[in-house]
Every structure is written in C-alpha cells, then in structure tokens.
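What follows is a set of notes on a single structure, which appears directly below.
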Amino acid sequence: MSSEKGTQKSFISTQDWDKEELDKLLSLARDMKLNSKKYQNALDGKSICMFFYNPSTRTRNSTQVAAYQLGMLPTFNSIKDSWIGYKGSESIKDTAIVLARYYDAIGIRIFPNAVDWKYKEGNRIMREFSKWASVPIINFEDDQFHPLQALTDIFTIQEKKKETKGKKIVISWAYHPKPLPVSVPNSILLASTKYGMDVSLVHPKNYELDDEIMNLARENVKNCGGSVSVSNDIEEAYNDADVVYVKSWGSLEHYGNAKDEKRMRLTYRDSWRIKDEHLDYTKKDSIFMHCLPIRRNIVADDSVVDGKHSVVYDQAENRLYTAKALLYYLLKD
Amino acid sequence: MSSEKGTQKSFISTQDWDKEELDKLLSLARDMKLNSKKYQNALDGKSICMFFYNPSTRTRNSTQVAAYQLGMLPTFNSIKDSWIGYKGSESIKDTAIVLARYYDAIGIRIFPNAVDWKYKEGNRIMREFSKWASVPIINFEDDQFHPLQALTDIFTIQEKKKETKGKKIVISWAYHPKPLPVSVPNSILLASTKYGMDVSLVHPKNYELDDEIMNLARENVKNCGGSVSVSNDIEEAYNDADVVYVKSWGSLEHYGNAKDEKRMRLTYRDSWRIKDEHLDYTKKDSIFMHCLPIRRNIVADDSVVDGKHSVVYDQAENRLYTAKALLYYLLKD
Amino acid sequence: MSSEKGTQKSFISTQDWDKEELDKLLSLARDMKLNSKKYQNALDGKSICMFFYNPSTRTRNSTQVAAYQLGMLPTFNSIKDSWIGYKGSESIKDTAIVLARYYDAIGIRIFPNAVDWKYKEGNRIMREFSKWASVPIINFEDDQFHPLQALTDIFTIQEKKKETKGKKIVISWAYHPKPLPVSVPNSILLASTKYGMDVSLVHPKNYELDDEIMNLARENVKNCGGSVSVSNDIEEAYNDADVVYVKSWGSLEHYGNAKDEKRMRLTYRDSWRIKDEHLDYTKKDSIFMHCLPIRRNIVADDSVVDGKHSVVYDQAENRLYTAKALLYYLLKD
C-alpha cells in the first residue's frame, strides 16, 4: 500500500486499490475459507468500530463473526444511539480522530436517505472519515460503492467459474417497488471490468449509471482486457452469459424524488421481473447472483432464486471470508 | 437428538424434547453452577446471533454472559437495526439460511405485538426459521412458549425442593394493567406436568389457556404421573402448595383487543393482586416464583416479592446456567 | 475501599473516593498507557453491562475497548431495547439485583431528559442501582456527575503539566444552542480542587453551579490546598491560566425550561464563544481542554480547537486508560 491515506489504506472502493492488492485479498479469502483455524485469534487484542447510519444484515453479521474469529472485538454502533450524524452535533473530523484513538479500524454504512439523497454525499463523508482517521476506514456501503460486496462477487465468480477472463457477466436491472442505491451496480461494474470480464450492462432507459462510473469501467477495460456494453434489450444482454448479476437501482434522473421515480419504474414491473425464461438465454451452467436481501417474486421469481443456477447463499456466505481477509490484510502487524 | 430438523435440534418448546434430554440439560446446568471454570472457553470460536423483535433484560443478558463464558461471541441484533421483519423486505427463509452460514446458533424473541396479535404466528415464524436454518434455533420467547424460562423454573424447583415428583405447584394468574403473552404460563404448565408435579392452574373465568396446551398437559400427566386441575378459586388452588408460580397473561378471548380485555381484567385488580394472605394457604416452606419483570404492588405486594417465600432472584440468576447448559449441549462437538 | 456499599465500591463521583484511591487509579492508568500488553486479558471471564438511557460516543467506545483489552465482555444495552426505564415496568431494585447476578460490573448513563429534568434524579437512580447491586456501579454520566471524565481530565493535566498543585485552571462556560447537563463542570470543579489546583470558575450571571457543589469544592480547597474563585469576567479568569477547561452548561434557574433558558443564553452567543483572543490572556504554554463533542465555531473557534494549545484528542484518548484502570482496580481479584 502506498503511503497516501484515504486511498490505499482505507477500503472505500475496489477502484482505489491495485489489482495486485485485490488479488492478495482474494487469495487470503480462499485460504481462510479452507483453513479457518490457521487464522484463529491472529488479530487478538485488536478491535473494529462498526458504525451504521442504516440497517444491515449480511455486512454487519459477517463482519462481526469475521472479526471475532480473528480474535478481535467488533462493536456495533447505531446512529440511533450516537451523537454523530450527518449535520450532527459532532464533526466528522472529531469523531474520526477520536474513534481511531480507541480502535484499529472503523467500518461505516451510510445510505442515500442518511444524506438527504444528495448523490455521492455519503461517499464524501466516508472519505472525510478516512481523511482524519489514523486507522483504516472500511466502506460498509455508501451511496456510491459497496466494495466488500464487489470483492465477494469476484471471489464467488472465481470459485464457481474458475476464472473471470473470457467470462460474460450480465449486470441486470430489475424491478423493485422502491428506488435503491446505485452502490452495488457501480461496484460490480468496476470490479468485473477490473477482472477482465465481458460485461453486459442492461437496464431500462433512464436508468443509466453515471458518466464517472462508466468512464472508469471503460478505463478498466482498456487496462485489463475484457469489454463493456450497455443495452436496454434483455434477450441480447443475457444471451450466452456465464454470470447473471441482478440488482435493482434507482434512476439518477429522479434521484431523491421517490414519487416520480416510482411512477416511471412501475411501467417496468412485469417485463423486468427476472424469470426462468430470462435465464434460458444464458449458458446452461450460468450462475445467478444477487447480493440479498431480495424481494421474491417481485425482483425475481422463486424459481430463479431457488433454482439450479442460483448461488445466492454461497455468495452471501463468502462475505465472511472476504471480510476476514480484508481485516487480516489491513491490520496484521 | 433425532435427525429431524426443527423439532429436536432447535429448542422451541420443552415439549419438543424428550424428558431424558431435558434431564441432561438440567444436570449440565447444575454442574455449570458449581464448576464454572471447567467450561470456560469450551466453545471458543463459535458464535450466536441473538435476534430481538422485542425488548429483553434477563434472556438477553444471561445468554450474552453465558455465551461469552463459554468462549463464544454473542451478537445482539434489534429489529430496529435490521432488514428482517414480519412482512419485512427479506423472507424468513433467506435470513435463516444466510445467518446460519455465519453463526453456530440463532436465538429469536418475537412477541404477539410483532405479529399483529395473531396467536401462534410468532411460534410459526420461529419454526420457519428452524425449518431453513442449518444451525439450532433457540426460542428466546415467542407468543406461545418461553422454554428457557420453563427449563430454569424446573431447575430452580429441583434446587429448592430437591425433587419435582409429589410436589404441588400452583400456576396462578395475577392482575396486570396490560394483557401479556401466554408463553410463560403455557411453558411452565407443560414443563411442570412433564416433571410429574401436581399442578393447580388457577385464573379468573375467561382466562383459560388454549385447548391444545391443556391437552398436551393432560398427556404429560398420563405419561409422567402427577396431576393437573383447573379452578377459579384462589384459596383452594393455593392450599398446601409447595411452589407458587405467579404470572399474569391476557385472555385469548379478547386476544389483540386490548381495550375490551382491559375492561374485563380491571374487575380482578384487587382480588388477583397476590398478597401475604394468599401465601398463608400454602405450605410453610413453599417458594414464591415469578419470571420477572414484575410490577410491584400491582401483580404482587412488596411483602410477597421480598418475603421469606420468594426465590425470584435465584430463579433469575439460574437463567445463566440453563442458557450455558443449552449452548453447550447443542454446540459442543 | 471501606466496606460500605454504594459510596466506595461504586464509582459515582470522584468526591466519594479518597484522594489516595484516585491516585492509585491515576498511577494504574499511566502504567496501562505505557504497558498495555501487561494487562492483556487480566480480567478474562469477567463482564460489564453497559446501560445507556442516552447516546454516547467516547464513554461507550472507550469502555468497550478497555474491557475487551482486559479480557472482559462489554455488552451494550440501550434503553430502547429494554424493559428498564425511569418509571418503567421493572423496579431499579429488581433490575440491579438481577444484572449483578450475571455481570461483574454495571455502567449506567442517565441524563436530565431521561428523568424529566428533575435535577439530581439521575444521580439518585444511579445511587439506587448501587444500593441494590452486589457489584460495582460505574457512573457513565448522570445529571450531576461524570467521574470518568474528571478522572481523565486530572490524568491529562498531570500528563501535560507534570503536576496539578500550583497550576491555575479556568473552568469556563461557553455558549451552546441548547442547555446541557452540569455534570461535567460539577465534576471537573470537584476533581481540580481535590488535586489542589487554583480554580477560576467563570460564567455569565445566572449560570451559577449549585450550592452543594460549591461547598464541596470549598471543602476540598480547605483539605487539599489550592483555591477557588468565581467570576463573570472572562479576561480576569483566563489571565495567566495553565489550563483552560471549556464547557457549556444550562442554567439551574431555568432547569428543564428550555425556551426561557435559550432566550437568556442567546445574549451570550458572541461574547462567550471561545476565541484565540481568550487564550491570549493565558500562559504561553497553557492547554485547552474540552470533553467533546464540541460544536465548532459555536462553542469555540476552529482555531482554538485545532490550535497549538488544544489537547482535546489526547484528552479523549486518555478515556481509554482511565476506564481500563478503573475496571482493573474494581474487579481484579
């Protein structure tokens, strides 16, 4: 890791890290899945502050267990029991400096609603924490990125498909009653292009990801091989895919305007509910991925989520190993 | 334990377990109370997810300390900081399968108000968790059962009275301003009949426990000796009792209808407040039990709660040992 | 420690403890800062219940990490997830006795708003917990005292200024949009007089601390040397100070009457915002202290909080060592 704080030492986006470093994380995670005992209490005496502006199931619980298995203390802090807040009574600077005096790492989750749907404001706060804290900041999902999820996704694809190069991944929008953050699609797009995959991004019109992200993805393609294409045609996008990655997200055009957004998305309710027929376009041995939670029979049919292509539970389980790997990589003396 | 998931491996009601197994738990709990050091860190590296739809003092804190003393990580999850919920955004199935990938056990508390006062819906959710999770589900009290309490009650009766056979227990309704779950009376009724006690259930008219529970209790009597009688007469019920077990509960007739229920119960405010004179009917060395929390001078007088018969604090303390015993029994390799 | 419960064994105010005992705590804290490894897991198997009626950042997180580094389990209980409450369904007596059966210590935070702004009611509840619990109660800040903060403050002054005797400390009111508890000014006043400092208390008219506290401070002066003076004149108070201790607090005259209080305090908004010019009155090597959180550019200017005099982050960090020292002192067999 270079010496510049907040880009290397912290884990805010996979895009901030060199591929060689990410490879080391993935390799560590594989070893942790196979040889759990080897790392037991390896970080004894260390501690991580887990700070949540928003609810969490997988991120919270996988990290707590990961930290504990390494011998660490994980503490859970909810914004509801804290002074800290967006526009709160204590500055990010003071909070970050002080918590870093007690803990060896700080994880933070902050969603769009916690920053009044001002796009990238969550990520800005994340980076401000990182600017001031003398210990690593770990992004537990902000309004722009969810790097622990993306790292786990690559881990899972490597586990199921042996390699990423030459594999086609479709990153597919799906219907959901509410506009959700773009952090997951942004993150899998950047991670899959960094890992040289052939990426097919598909969504309805008006659900484009932002230019900054698309440009980074194209840069990744240039540096890492692979390809990226965008379309609004499900059949074409899903055709011959090795990996189907489904996730709903909100339109950036109506960002923070739930009412107009909902009216728009309602028109896609049936056509963008993922069904068996969509998976029929893909390779026979393709895998269906979703970061969970998923609204069953709204985002995707039960027959998809529970079907032979689905690897969603293994994907969720793998969060444990990548969380352990990241903690170990960042904090091992 | 038989191989069928959800009835044996999980701990949802003492009624699901053979008496021989419960005896092993009680024996383990006794040893843990005497030889705490012997079990220190016996479950090192394991973890339990503690999930609460409702508040808790004893269950939460005794289990946290029990788990820690065995070397485990206990994590506290409140519904307020979570995606999961009755009618929530994530299915019980997905939540159960995923949490079981991280943890070695899952404890859940879910009260009537969390399931819109649809009787047994909390227990149904508990059993659905157990259906899908690959690790034991521990009932931290649902709308039908509170097995950790009942196990502790038997433990405490054995501790104070040497044996359960031939002892008379009165399970007594008491006044409380609000209709409370029937989980505790259901559970002590089933546990005490399983342990061959002579059970005298006493309550005002319209506060009958449901037929399913009463039939199970009568079945226990057939299999385990002892007896069960029901009456509305305090003096007769308390007469010559060895154990007085007091608990208020809501009428199933007005279940979920707090207004009508309250009007009805108000008429019992004075006559069903437990006083010294009630204990005078019992044996001289009888014990007064209550699972706590108790509204003092409403449910029972200070002179009762603090009196010579009362064992409520020892009863509460014993929650620690039965929780430890259960974790050890379920999770020891 | 004498054998009387609730005054010695518990840590509710530094005023309850002999100076010799406080000296031992400070000496332990120094050793813990230097030789952290020496105490690792020294309290293995023990546990502390941390109970919060109100939010916390430093107290909560420093104590959690302190307990963990000593090998203990710290559990966080929020009033929001609990039965216990002021006027709650369970009596303090029952809660205290039961929690003490599980834990080796109990920490409690309870602010004025949790007791309807009835001054000293929070402290009364704290002492009632201590009356009934068979384990030490640790005051995590009530409506009258914040002894862990005051202990840390003396620790920090000794660290930065070598000794307390002969040093002048100005305890200065400052503007804040809301009336805050008097626990911090009360506590630093009593601790600094106990440590023989020359104390200059300065605040606008109507912001007097209560007579009981002032009398205790004067008694400390008699017993420990040093001096105490009160004024409304910033320049005179700050003149030649070694230590500037800034904290806003609410007027006892309008206690619980936020509306009238705010109108009154608004008149001091500019004159009582601490600026560089105030520090110019002090010694060149004076230190600026604040317990945090601080509203920047409202209570004090950025240039003060971030300036050369400021030791606020070291002061916050030192909370970790005094918390560890206290736990070790109270709980080491």
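Should a chain be cited, it is by its letter among A, B and C, assigned in written order, with residues numbered from 1 in that chain.
Just so it is clear, contacts are C-beta pairs under 8 Å (C-beta built on N, C-alpha and C of every residue); 3 or more make two chains touch, one makes a residue touch a chain.
Note that this is a predicted model, so its numbers are computed, not measured.
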Angle (degrees, nearest 5) of the CA superposition of subunit A onto subunit B | 120
For copies subunit B and subunit C, work out whether under half or over half of the interface numbers are shared, and give different or same accordingly.
-> different
Distance from the mean Cα position of subunit C to that of subunit B, given in whole angstrom | 41
Please set out, as single numbers or ranges, the residues of subunit B touching at least two other chains.
-> 76, 80
Under the touch definition given earlier, write down the residues of subunit B that touch subunit C in their complex.
-> 40, 52, 55-58, 60-62, 64-65, 68-69, 74, 76, 78, 80, 292-296, 305, 312-313, 316-317, 320
Complex contacts: residues of subunit B adjacent to subunit A = 45, 47, 49, 73, 75-77, 80-84, 89-91, 94-95, 97-99, 101-103
